[in-house]
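Each of the next two complexes has chain A plus one other chain: chain B in the first, chain C in the second.
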Partner chain A sequence: MQRRFLPGWVVLILLLVAASALSVAVGPGGFTGAKLSAVMDLRLLRLALGIIAGGVLAVVGASLQGLLQNPLADPFTMGVASGAALGASLTLVLGRTAGAFAPVGGFAGALVTMLVVYALARVRGRVTVTGLVLAGVIMSFLFSSLVMLAMILGRRTLGEAVYMMMGHLGAVFTGTTVWLFGAVAVLSVVGCAWLFSMSRSLDIMSSGEEAAETLGVDTQRVTKTVFVISSVLVGAVVSFTGAISFVGLVVPHLVRMLFGPEHRRVLPGSFVAGAGILLLSDVLARNVVPGGLPLSIVTALVGVPFFIYLLRSRL
Partner chain B sequence: MNAIELSGLAFGYDERLLFEGFNLEVAAGELLGVIGPNGAGKSTLLRLVAGLLRPARGSIRILGRDMGALGRREVARTLGVVLQENPFAFDYTVSDVVMMGRNPYLGRFQSPGKHDREAVTAALEFVDALFLRDKRINAISAGERQRVVLARALAQEPGILMLDEATSHLDIAHQQLIARILVQLNRQGKTVVLLSHDLNLAALYCSRILLLDRGKAVACDVPERVITAELIRSVYGVEPIVTRHPESGRPQVMLPVAAPGQPQITQMSQIPLAGTPESQNP
Partner chain C sequence: MKRSPGFWGPRAPGLAAAAPVGQCRPEGNLRHLRNLRLLCAAALTIVLLVAVCGHRPSVESGLRVVSLVPSVTEIVYAVGAGKTLVGNTNQCNFPDAAKSVYKVGDFMSPDLERIVALRPSLVFLTLPMHRQMLERLNEMKVPVYVSRPADIEAVFKEIDTVSQLLGRRASGESLVAAMRRRLDSIPVFADTPRVYVEISGTPLMTAGGGTFINELLARAGGRNVFESSVQEYPVVDPEAVLQADPEVILLLHPDMSAQDVAARIGWGGISAVKHGRIYDELNEDLLFRPGPRIVDGVVLLAKLLHPGH
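Then we have the complex of A and B:
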């Protein structure tokens, strides 16, 4: 039974290993020279950030698609990313460009968004998935326009803010941010494992909340838990990398094509595939154009054609 | 002991109560049909009994135990529910879907064991759908899907089954198949509650019929005393023709050609049909 999924696992793990090797070996700094060890430190941190960010975005995307019973959901559907962008932009506008301010501001923005969306979606003590989507989409619009307002008010940091919102793995690591990133990495692993432990409930929820309830699933608890874990993880990742689009949307679909829709395979598969694909996109983003491209441009250029193919082949 | 016992039940979606002081007893081993016009409260009643809605007042007892004291997993082991709509956002295999019925027996980190797989096979066999086990749920017909969803409820190994419009999208062969499966389950001792718009199906197979109208139990008795011209007229506002089933003698309902006061269509041949030779060739 399990053996038929072995080739899929081999492909995903090879993808991640190859992407990691490329990510470390290729870069504007070359692979030789006196400064190699300093360059390697940077690249290894970049590799770790890529694995965590790609893995988390894909796992959260897969979990939310299951929870919302909607194959078009992604990690940013619930508005957390735009909240993080707003928090980070505010710190930039206020002139706090250095050190840990942007990540902390981004994470705070994400958490505030999570609380607002949760409060809006709560009606008579119940949180419905429809309520979460509606509240999340509305808040996304509000915060995106506030980000633009912040950008106009603080013209000098415009370029930085754009780069921030479009996603990158070039986080500047200082003493403090390395520790912060370590905390994010631990948080990510714990959060993804927690989501994984809810695999069967997510499977059942994808046939509707009421049906799941009659099958003994506490849909309220699953909804609230998945929402909070997803928001915290995405907020934490996005505050380091900005909003990297498409990985969280496309990777789960890719993994379902390999493994079928069951979350106990889709979630770990998405972590590995998301990490690999994000690292490959990053290799392209920083080596094809001098000076580097924002990551979302590459993920979208690769992701959109694939997604169109996916939609056409399913309709 | 009663399988389901509702007493003094009150419930409304807004300030206006749909059910008020509602009582119902369903004996263990009964095959109860629930009929009534759209909006009569059939599905609401099912949702209340299944614990999907909370009553404002009154008590719901399942196999003698108060609903409020039962956890949802315990309810799921006692009561299998087939809802009207069963969308699947992702394309699970049929056996994955039926295995979901084992959820109330499995711990959070527990994988399905031998008994769970046997229960899935037995449930699929019972509804004559074992051959579908490796098919994708969104790639089978509506009749097959209804059997699979019923098998999922059977995999819960419940003493009570409740079905909301289990036959409404199905052709007559599948309607008969589902009805026969339900009768057979009932003979094996399961309590079955069947919500249906199909008066004839309910009259033919149910031992007792509850006729609901705007949250009130208009009648709850053997089919002969519920499916009568008077009751059907007063609840549905149609002028029915009630006859007897030639084999079982159960009441069967037909609609007249036209309601009183409306123009009668006398002969089909008088209706001009587009595409007939006459209309093409004047």
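Then we have the complex of A and C:
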């Protein structure tokens, strides 16, 4: 760890610690004493879910942005988040027994989306970056509509559809689903570590696909690997939280401002910052308005002004 | 149904003839008085007849009714006017006969063309679900009745109105009387357990005050823990449920079973979980449809909340 990046790391880790502390301490169930111990199980699980979800979304966003050399790439614009939401919705609509396997549905939905996006972007045997982004955006729109359709045909309330498409950390775990979540958490850590191990290739890829090939990087293989890992991680996370937007898009940019473009710093930085920002958003979402808000409302309220600032300062 | 001024026009002479009653007394002419009495009686009879049935579409055979509201469909059958029903929705599943009626689409999205093609003389719909449909039907001058009961009392009133519209006033009255008797037979319970109603598990959603289920719970001797919510069907934080510590949990969605809820992590301290008072597989139509079976819903809840009685 180079010395000049130390302040950045301190800031990010302090952010995560403070957000975690707030997330555990503040909630509708009260702040102190006996009341706190009664809701502790809930809050700790919520904390774990927030860290995993925020971390995974930001790391996947950072990897996709680097891989595709496109500042707008994230789990949302690539259609993966919507695809995962669709998969999770379908399992929910299918009924009680299937509903417990929403993570599997979400994972399958994300994987299918990635395959479709990849196939659509494949022209004359080659996958182009522009093609991937365009196909991703199109699929994202399509699957968002299909989530709505599935919810309406499944006679679900619009509220459920909204929360599926805008995210929340209010998942209630049972003995079975907590194991599934544990598996997802392990998978997430492994997946993020795998992406981290590809930092060097991602660095070269982000300087341009052709340049990367002349430098001996197997771009097709790197693209495929990143895509599969991304869809597995996002699919698993979204099935628990619904599709949370802006974390995957904005956080990597924020981290690059602190650490520069090198992925061996951007990826772990994104994990920490993503987790911290998502937890903070959740603290706001559940405490400001009684009953709580869908998470994406808060992440968008925070993310959009920041993104506009980013846009104007770069012009 | 408004009384149009034009409709009363032809009866006006009869009413005018009834007017001099007060004036003729001082004269003391008996025969004259008897004639006047007869006239008065005749006028009164006409007025009463008109008031009772004259201004309503009482010709049952000519009625072509389309119901876009499952609860109204139930009312139509319950007052014995099922034969007038020429169209209803996919959700109109009670009584069995309602299933075989021509379907004009979903409750959420009925098809205007199918409705109009039936040349209905009356369409039942509800708001806010059918706002656009209402506007279109108004434009096309198709008679509509908007069903929007806010509480059990309003359901009684609606059964009255619907039965009159269908020329089945007597059946409507006896149905309401029977429902009232049944409702009044439910005792007032001294203890009112705290109840959490879950209508979705992902995320947790419940029913607030101002909803039908809220009133049904109150009538059945229970207290909705989220009664104070302004929203009708709010999303709730799992922590808020822990805080409210419900003594009974009613699951009104297919996502989870009672066992699943009992196994929720962190929920072990809730009274309902500790005492195993979580109920699933309830007939949701009894609890959500403001129709003739609404009292059955109250009875169902009362039996769950007060098993000793």
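Just so it is clear, the second predicted complex is superposed on the first by the 284 of 315 C-alpha atoms of A that agree within 3 Å, B and C clash if a C-alpha of one lies under 4 Å from a C-alpha of the other, contacts with A are read in each partner's own complex, and residues count from 1 in each chain.
Keep this in mind: contacts are C-beta pairs under 8 Å (C-beta built on N, C-alpha and C of every residue); 3 or more make two chains touch, one makes a residue touch a chain.
Quantities reported herein were computed from a predicted structural model and do not represent experimental measurements.
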| item | value |
| --- | --- |
| Which superposed partner A:70 touches (first chain B, second chain C, both, neither) | first |
| Per-residue contact with chain A, leading partner among chain C and chain B | C |
| Touched partner set for A:286, first chain B, second chain C, both or neither | second |
| First (chain B), second (chain C), both or neither touched by A:174 | second |
| First (chain B), second (chain C), both or neither touched by A:278 | neither |
| Partner chain in contact with A:256 - chain B first, chain C second, else both or neither | first |
| Which superposed partner A:59 touches (first chain B, second chain C, both, neither) | neither |
| Touching partner for A:200 - first (chain B), second (chain C), both, neither | first |
| Which of chain B and chain C A:41 touches, first, second, both or neither | second |
| List of chain C residues in touch with chain A within their complex | 108, 199-205, 229, 231, 233-240, 242-243, 254-257, 260-261, 263-267, 269 |
| Interface residues, chain A side, partner chain C - complex | 27-30, 35, 38-43, 45, 92, 95-96, 99-100, 102, 152, 156-157, 159-160, 163-164, 168, 170-176, 178, 286, 290-292 |
| Parts of chain B lying in touch with chain A, wherever the complex brings them together | 47, 50-52, 72-73, 75-77, 79-81, 83, 85-93, 96-97, 100-101, 103-104, 106, 108-109, 152, 156 |
| Residues of chain A defined as touching chain B within the complex | 65-66, 69-71, 197, 200, 203-204, 206-208, 210-211, 213-218, 256, 260-262 |
